[in-house]
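What follows are several structures.
After this come two complexes, each holding subunit A, first together with subunit B and then together with subunit C.
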Partner chain A sequence: MSRTPLQPRSEPAAPPKRARSVMGRLSALQGRSSRTHNVVVLLLFVLLAALPAVSDSRSLFILLTQVFILAVFAMSYDLLLGFTGIVSFGHAMFFGLGAYSTGLFLSRFEATLPMLLLSVIAGMALAAALSYLVGVLSLRLKSHFYAMLTLAFAGLLLVAAEKWRSLTKGSDGFTFAIPEPLKDRATLYLVCLCTLAAVYVALRRFTRSPLGSVLQAIRENEQRTESLGYRIVPYKIAASVVAGAAASISGSLYVLTLRFVNTTVFSMDMTLNALLMTIIGGVGTLYGAVIGAAVIEWAHQLLTDLAGVHPIFERWIIFFGLLYIVVVLVFPSGIAGTCASWLSSMRRRRQPEDPEEERP
Partner chain B sequence: MNSLLNLIVNGLATGMLVFLLAAGLTLIFGLMSVLNFAHGGLFAWGAYGGVWLYGLTGSFAAALAGAVVIGMLLGWVMERVVIRPVYGNHVQQILVTLGAMLVLSELLKVVFTPNPLKAETPAWLSGSWDAGGVILIKYRLFIILVGALVYIGLTLLLRRTRIGLIVRAGVANPDMVQALGINIRLVFTLVFMFGAGLAAFGGALLAPYSGVVFSEMGMQFAILAFIVVVIGGMGSIQGSALASLLVGLSGALMAYYVPDLSLAANMLLMVLVLLVRPSGLFGAKGGGA
Partner chain C sequence: MNSAKAARSAAPPILETDRLTVAFGGHAAVREVSLAVTDRSFLSIIGPNGAGKTTLFNLLSGQLKPTSGRITYKGMDITGLPSYERTRRGIGRSFQLTHVFPRLSVLENIRLAVQSRAGVRYDFFSSLRRHRKFEAEAESLLELMRLTGKRNSPAIQLAHGEKRKLEIAMLLALDSDLLLLDEPTAGISLEEVPAILEVIRDVKRQGSRTIVLIEHKMEMVLDLSDEIAVLYQGELLAHGTPAAIMGNETVQSAYLGGWYDDAAEA
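For the complex of A and B:
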């Protein structure tokens, strides 16, 4: 049975004798698939890192840099939605905090690398504090409350950024200088790629840690986890704090590539980006979020180019919105999950005796 | 004195509009455990529909009625196509209603152009009365009157009629109502359409009040409505009514005295309620994990 976090969870407990053998097979399989995973990820990383040596296409760099940054954002969202089963409609607030933190530090002080690092850390701390606050307020209630509260808080931050003009210059925004070494497109590209890789590895470690297993247990069945003796609220808060801090990193990188920040970083569209990428790419896998970021960014560019052909393509959100509804209703595990289950069912048909039915 | 009274009228009028949105939201949640994140989209469709029909027919009553019909039709389609397949799964529901919101508000831009539309106030409701030195704007009083009528009508409908009895029983325990031989799915659909109609009605009423309609206004009002249902308690009409007036008044007063903090004041109110009484002022449902 392929477990997808969006499907109702009502599978009966497996009988104990079978359970042990399944667990044994599962861990063996996890070892094998984890090795394949590592090889694929490493290969991809090397290929992408070698890109500046073979190509200097400006538009390709810009597109890929954007994909890397949004992939970090989408992965942080996946930690909430895919691994813990929490729905947030205000993820943009953490992104925006990182963005403004970096923008303000680099415009008010000297634009150097240590200052950039300091601004990223400050953004992460702010985002972590805010997500702690929101989590404490609403995570002990039904899932609707977190969604509503994050939506309202993101709305509040958007208004605050518009009104506090002495600090943010409102929706006009402000430009700032970036550290000298990052002015080269290829360097910035590599920095974003390395950040993506680092965040990916860190979040993968996090989700596979004992804490991460408890989070997934909460996603699968909150009552059962609680009755096993875990206090679920602190675990959920931990997930939301880590997700907030990770989202803030992507916000910092985002404005670094633009050398400009305005209130759009707090907008609903930013949250929708994370939602669409995570849902369409596939929840609960991390790499699904990366796939989603690539697909959405690429499709976005394609549809924007098509806007010259027919004005309906200017309203590209409609296509994503419809696609999103279809994915939630019909393919709740997204591109990554659906492909994985196709692959495993194909493999099963070829080797009926192979115990491949248990995909991690 | 004059300005204070005007602020109170403004606050009550906004509160009534938010109530129209929150009433549907809270009923739908109480009955079906669905929190409809697309409610603001229905509100915006009501506003655009009302403006369009008013321009077409020249009759404000026809515009309001038409907006309600548009809202109910959209609600029917939504309930059938996107919400019915995911009953019982909260995460999927929350996600799918947000998707519907996205499509509804983008569709507005396709149908009515992305630019804001100007909304006219009908002649018999424009202008103001001068009551002993206090100037009262007619249209705002009209909204308050209509809102109060809707509240009374809704309460009577729920308390005194058979369908109201079924709905109240459904809020208490939908499975038991089903077991008693009532087609609860049909009740769900009807209540959803009713809530959608109320939201669209609120949108159509808002349009002449704000003078202009734009697609993002759905989300702005939806956020207020969410704050209201949290404060008032999910599933409670009385709670929503009280909280709407509270939110409307505090918004209007803050907007006058400390304009930068008007949304923050309402958020603070919500945070306070969440800390002290997570199930809301009147809520029976929604508290606890």
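For the complex of A and C:
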């Protein structure tokens, strides 16, 4: 700056305030405990990675693998909903693109690892292109246009997948072979765990980049963000493209574990799943989405088991509705958000002087 | 154009409006306003509630598009430019109704303004840690506004006066050439006014920026201003030195009288 800097002068600090909202505690905690976060995440990763060495419970592997995959999907949704404040009703279309891309590549060509990788990349590219298109068409308009347009496009892709039978075999779907090394449950489990870790790290980095920090500003106050000199639309499109590409990865992994793909990957249920997992886990944190995926998948498993006891448990949507209501009542900021605020109030009780009010 | 002004300033004005008008429905909130702002001067805009002062700012900063008329800034027609473009060209504003990022920390609110001024907009790979200097600059503004104690609090938890200070810190962070201040001391406690006043005075003392201030407090206006413009029912009633405005009969009868009536009603 060529100008003389404005000189700060000192003044006694205002007395600290005790009362603090949930959101306040959460963001304060996030600000200070990045190291704690890294340690916890690393520890969790090592523990989960070591699991195949100590257990060979088939059902546990299947459950956790599913959790990892849906966690990637939920995180991608969180990028839109939690970070940028964009609501999508058609997030399943990106999931489905990845799913069909992998399914088709592996069924039409040789089922090898490079082919799998190629299919994942192709799915991501398609998803990125489509989300770019949807974004360009709707993100300069009022926010509900994006919700509507994603809904429309997802519906369109669902119908296309049903009608284009020569390619997709319609709603019957088709099975396909997967690369030999992945036929081992434990290997597939590890691949999904590593993918989750990689996507988590990448998305966390993204949200903490200069561009990502503007996404949160847009969520908070679009007009103010613009008046600071940021052009809104490119940011929203960037969020949409990254979210679409990440969702596609989860779709690829999803069908890889099933060795089967049909039109349900494009269904509204998929989108609702992402929405539910993100909100239940806690928006705007990424790890909240992972927690949400774990809770939902575990509940799903539980209900499936209970269905043998009484057929009422087959109506899992009722129970998810109930779960949702309970979570919203007990954990108003999602599981991640509310637990974080408990933690920080516990910390404050332990150390009476408020560290947050002091300068580090 | 305004003859009193044209005579006094030889340098071209930094900002000029030409018959600027905006109508909501049939009602013109700003009507045919032609106003020139001298470069590196301090101009206050006064007028009763609902005179159109904030609306004029919205036109200048690009929040609103005029129904007719033109805005020239640094010799360039900016009438059609969106607000982010104007900010990048050096027009910064603070808002009358506090307008911050409620759930972001106070530091982050300011840091975002610093980042924008630095022109780092689409960097999606490097970590924010690589941009510590933004944070350092935001910290010094925090200190200046005496908000350091609130560094990590979400903006929503600030008291009203603190929010106003944050608003000003964000404006300062933009390092604008032209600062539009919309009632920066409105609704804050008396003991907090001097701090804000001092910051505005500091900016003025530096002499490198142009300041346009909307303010109701006449003693503050008279103390700070090189020039005063009076808006009344959307029209520019008068524009001149403080002395000229205070001695202006039209202003006295049509506006100052009306203003006090308004105040009595409210």
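In this text, the second predicted complex is superposed on the first by the 310 of 360 C-alpha atoms of A that agree within 3 Å, B and C clash if a C-alpha of one lies under 4 Å from a C-alpha of the other, contacts with A are read in each partner's own complex, and residues count from 1 in each chain.
In this section, contacts are C-beta pairs under 8 Å (C-beta built on N, C-alpha and C of every residue); 3 or more make two chains touch, one makes a residue touch a chain.
This is a predicted model, so every value here is computed, not measured.
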Open item on the list: Which partner chains sit in contact with A:S213 here, subunit B, subunit C, both or neither? Use first/second/both/neither.
Closed with: second
TODO: With the two complexes superposed on chain A, say which partner A:Y230 touches: subunit B (first), subunit C (second), both, or neither.
DONE: second
TODO: Once the structures are superposed on A, label A:V54 by its partner contacts, choosing first (subunit B), second (subunit C), both or neither.
DONE: neither
- [ ] Look at A:L329 in the shared chain and tell me whether it touches subunit B only, subunit C only, both, or neither; answer first, second, both or neither.
- [x] first
TODO: Check whether A:V46 is in contact with subunit B, with subunit C, with both or with neither, and answer first, second, both or neither.
DONE: neither
Task: Residues on subunit A lying within both footprints (that of subunit B and that of subunit C) - done: 5-8, 232
Task: Partner subunit B, residues of subunit A touching it in the complex - done: 5-8, 81, 85, 87, 89, 137-138, 140-145, 147-149, 151-153, 155-156, 159-160, 163-164, 222, 232, 268, 272, 275, 279, 312, 315, 317-318, 320-322, 324-325, 328-329, 332
Open item on the list: Under the definition above, what is the set of subunit B residues touching subunit A in their complex?
Closed with: 29, 35, 37, 82, 85-86, 88-92, 94-96, 98-100, 102-103, 106-107, 109-110, 219-220, 223, 226-227, 230, 234, 260, 263-264, 267, 270-271, 274-275, 278, 286-289
Open item on the list: Using the touch definition from the top, list the residues of subunit A that touch subunit C in their complex.
Closed with: 1-9, 11, 13-14, 16-17, 20-21, 23-24, 27-28, 31-32, 205-206, 208-214, 216-217, 220-221, 223-232, 234, 238, 356-359
Open item on the list: Could you list, by residue number, the parts of subunit C that touch subunit A in their complex?
Closed with: 61-63, 82-84, 87-88, 93, 95, 99-105, 108, 111-113, 115-117, 120-128, 131, 140, 143-144, 146, 148-154, 156-157, 170, 172, 174-175, 195, 199, 202-203, 206, 208-209
